[in-house]
Amino acid sequence: MNEHSGTISIADKAAATPRPVAVRVRGLSDKGIAWLFVGPTIVLLLAINIFPLIWTIYLSFTNYAANRSGEVKNVGTRNYERILNDADIWAAMQATAHFVIWTIAIETVLGFALAYLIDKKFRGHGFWTTLLLLPMMLSPAVVGNFWKFLYEPQIGLFNYAISYLTGIDRTSFQMLGEVSLAPWAIVIVDVWMWTPYVMLICLAGLRSIPDYIYEAAEVDRASPWRQFVSITLPMSMPFIMLAVLFRGIENFKMFDLINLLTSGGPGSTTEVASITLKRAAFESWRTGYSSAFAIILFVAVFGLANIYVKALNKVKQR
Amino acid sequence: MKRLLAIAGAVAAAMSLTPMHEAKAEGSLTLCWAAWDPANALVELSKDFTAESGVQMKFEFVPWTSYADRFLNELNSKGKLCDLIIGDSQWIGGAAENGHYVKLNDFFEKEHISMDDFLPATVVGYSEWPKNTPNYWALPAMGDVVGWTYRKDWFSRPELQQEFKAKYGWDLDAPKTYDQLKQIGEFFQGRKIDGKTVYGASIYTERGSEGITMGVTNVLYDWGFEYQNPDKPYDMKGFVNSPDAVAGLEFYKSLYKCCTPPGASNVYMGESADAFKSGQVAMHMNFAFTWPGLYKDENVGGDKIGFFANPAEKKHFAQLGGQGISVVAYSDHKDDAFKYIKWFVKPEVQAKWWKLGGFSCAKSVLNDPGFTKSAPYAQTFLDSMSIVKDFWAEPSYAQLLQAMQKRVHDYVVADKGTAQEALDSLLKDWTEVFEDNGKI
Amino acid sequence: MSGLSTAHSVVEPSATSKRVAGALVIAYALITLIPLLWIVLTSFKTPPDSIAYPPKLMFQPSIEGYCNLFTTRTRQTPEYLAAMPPPTGYCDRAVRSRNMVIAGPSNVIPRFTNSIIIAFGSTFLAVFLGTLAAYAFSRFRIPLKDDLLFFILSTRMMPPIAVAIPIYLMYRELGLSDTLLGMILLYTAVNVSLAVWLLKGFIDEIPREYEEAAMIDGYTRLQAFTKIVLPQATTGIAATAIFCMIFAWNEYAFAVLLTSGEAQTMPPFIPFIIGEGGQDWPAVASATTLFLIPIVVFTVLLRKHLLRGITFGAVRK
């Protein structure tokens, strides 16, 4: 990691507007090139994102089932009403909230602490930081699948380690099979994977604080704790918030890890929104109903993210 | 970095030159099935077909926990991956009504293949839609039914027999009733045998696909559970949630709580067989397909293993498994696919199929005088096949199954609510599904 | 905290606090690496060793897991085995010793090939489109530029399952279900938003004076772009490409829902590797190891650009 200061530019209103180029343009005009260059990307996104989105909106008002060829009826807002009145959907939202809130809380604390320690620039910190980052680069599906093996009560390494450290019988608890433990089992794996992510962003935040501010505080004889609270924390806050934003969106959508670890079980304990959606859409084939749920989820992510970005920009300006 | 980019560019460019859609080689068939022992036996068997016809075989096997998901997804997307599919018995309604399978009546007539040559239960279960009408969408390929295996070697130890008799008052043997089954389970649970802790029984508890439903229905049928009023289709109230059904579900949970190994909260066929194979359990519930493999196992097979059909309670049933082989309507190789079925149906092929570890449904194999002696589990298999009952095979089967998975797993494994509440909720879910589909 | 030493300079923490920090970070790193180490170790165990209790740290290494990964096997009676020709090669012998015969190759090689084709194909397209769009966004006045950029980013916010519903229906109509082309197009669309945002950042950093000077020298705009900007942006393009590749390589949700065989990649395939009963852990671990190696290499290559990549270019250094 190098030591330049970091800058955040999320949703920055356009960088500098280009100055008019003072040269005569030959060949294609700039305007032509601009459209030629941007066009294909926009077309692709329209075809693969926007058109399907509009289709989903349409489907959400029908009783369409993708595995049947019967007639498609317009059912008005019935799908939406059903979803909002469905206790199972609310249970899924609660499971999602539990997962999102706890993973973010733990990852933020742990990630920030790690960043703070790494920022001490001990010998070999570059090497160890790279090693530390490995889990987040791996496929959650592939690695999540392997965690099932680690969580095996009889032969798994996790239960063995816990029993070795605490003396509890290794077969007396099942991380993936017990209602009280399964929600934490998925949190542990997510924390294992994504703490480095938060760490990396926090590290950039810590390194963005200019030294002279600390030097001034030192002159004022501010205690280290005081420096931490009044300089380090507030000045890296935009970065922490950014990390929370990204993790929040990702974990709200979380599917692969949980699908492989518990597939929503035991019972429906870890059935987060994406799993419910997948079941409704690709197992029960209630396409209309699941489209409505997809739209609700999308509006929720989009709305929350927007509010959050506004808050983030406010913090940044302070 | 620069070099890496250059390499990436070169590879990408090279690839864009090669056609994306590699056409399947002429004379090649893809057969889709679940990833399990019989499928590997079928690979072995099909080598004869390739030798005879020159048609190369390719296989797509998917583990049971993803099998329905994956292949129903494939069929619904009108995919061309599978030319032949050995699809689960419950798919037949949807596959027939939505045109995923080719109707086989004409083919059977032309090739003089008669459904009378197959065990009636398998014809109804695997081939017909609507049920009990002569409309065939598959050829019975693999007979299967839930049954049990037990550790004959442990059951026959004199000291254990004595202790058991003293405790329960009857001779330790393969159970005939569920009470007996549970007593045996409790007897072995946590016991040390040859220095190793062992457990009572392994039963199905899987959440993701169909596992716990198959296990629960297998027991509920015996306690008197019915899907619907026998006289009035789709009239489910008082049948799905009858007091008998509730008692059966409570029993299943008590069995899960008292007698299964730790960590058995997400067990289906594979895990259950593993538990037995690793010498952890005295009994194990599983589909019959596991029996040949377990019998051949060097640690628990041979004279250490015994087999018994489902115990009886009020009634005597067992959950049907098994599949028929169908030709996929979207295939480009239907002629070769028909050729395969024509080959597969031959009595000598069916005989070898049974020998390699597949469960043939052909009467030529099952009614052969030597059949019951041909394997130690052959009799148990025949007994079990005579008492089969299956889950809904309606086009909306997936939704019905989803609901049951959730309700019973919530109750049995996740300790949510009572058995009565679970079955009441199930009734509500199922009623909704049939209402949505205009059946009620 | 760093209060252990009183005379520390803020720029240079004291030796003690460095040592403590180092010890803590190294301890954390070592603990989090255990699962990865366990994957590699398990891949070299025999199936009985892999499920032994207590977990075995020392064992006789074996490549049986790799044998099982590349084959399908069927259990047969000793008589059947005895009647077969003698085994050829290590894997054959290992399989026979467990009373099984190799029935044929497994599907792992086609799946690995699919992963490579889809990752390279979608990366190439996404970076190609992304470079053009990023240049235009960086250099030209485009109406509604900010809205367009935000629109491009927002496509990443949708839950993949939600996107997969209409894509599934669309691909079914177009005959793109379970095809390499379909997956490449889909991953390109997902990756292009990342590519545009990252590359815009990189190109913003290239002084526009270079192009202007070149254009005064008689270059056309296109020539300036290809001859001046592209060479300057090589590092950024390479970093972006690797990020796109990692995404496509690791992606699971779309792959599991939209492919069933012909175009299936490794992530949905690996959990499908089962032995006679449940998952064959040494084989799963072997597949996982082979699958992770490229990513580990990429991570090391990319370490300077990781931060930028994971934040869509929002944080730069």
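Odds and ends about this structure:
In order of appearance the chains are A, B and C, and numbering begins at 1 in each one.
Assume a contact is a pair of C-beta atoms (placed from the backbone, for glycine too) under 8 Å apart; a residue touches a chain by one contact, two chains touch by 3 or more.
Chain-to-protein mapping (UniProt): A = Sugar ABC transporter permease; B = Extracellular solute-binding protein; C = Carbohydrate ABC transporter permease.
What you see is a predicted model, and the numbers here were worked out from it, not measured in a lab.
The touch graph of the protein chains shown is complete. Set side by side, the interfaces A-C and A-B show unequal numbers of C-beta pairs in contact, with more at A-C. Averaged C-alpha coordinates put the centre of chain B at 35 Å from the centre of chain C.
Spacing of chain A relative to chain C, judged by their CA centroids, is 17 angstrom.
If you average the Cα atoms of chain A and of chain B, the two centres end up 38 Å apart. Residues of chain A in contact with at least two other chains: 66, 154, 282.
Residue positions of chain B with contacts to 2 or more other chains are 73, 76. Within chain C, the positions touching two or more other chains are listed as 51, 168, 172, 257, 271, 279. Across the interface of their complex, chain B is touched by residues 63, 66-69, 88, 152-154, 171-172, 174, 176-179, 262-269, 279, 282-286 of chain A.
Remark: chain A residues 1-2, 4-11, 13-15, 17-19, 21-23, 25-28, 30-31, 33-38, 40-42, 44-45, 47-49, 51-53, 55-56, 59, 66, 114, 117-118, 120-126, 128-143, 145-150, 154-157, 160, 192, 195-197, 200-201, 203-204, 207, 211, 214-215, 217-218, 223-225, 227-228, 239, 242, 246, 249, 252-253, 255-256, 259-260, 273-274, 277-278, 281-282, 287, 290-291, 294-295, 297-298, 301-302, 305 touch chain C in the complex. Contacts from chain C toward chain B in the complex involve residues 51, 72-77, 99, 101, 103-104, 107, 117, 120-121, 123-125, 168, 171-172, 177-181, 184, 234-235, 237-239, 241-242, 245, 257, 260-262, 271-272, 274, 276-279, 301. Listing the residues of chain B that touch chain C in their complex gives 1-2, 4-5, 8-9, 11-13, 15-16, 20-21, 30, 32, 35, 37, 40-41, 43-44, 59-63, 66, 70-71, 73-74, 76-79, 81-82, 269-274, 277-278, 292-293, 296-298, 356-357. Every residue of chain B that touches chain A in the complex is listed here, in rising order: 65, 68-69, 72-73, 76, 94, 97-99, 207-208, 261-266, 280, 395, 398-399, 402, 406, 409-411, 413-416, 436.
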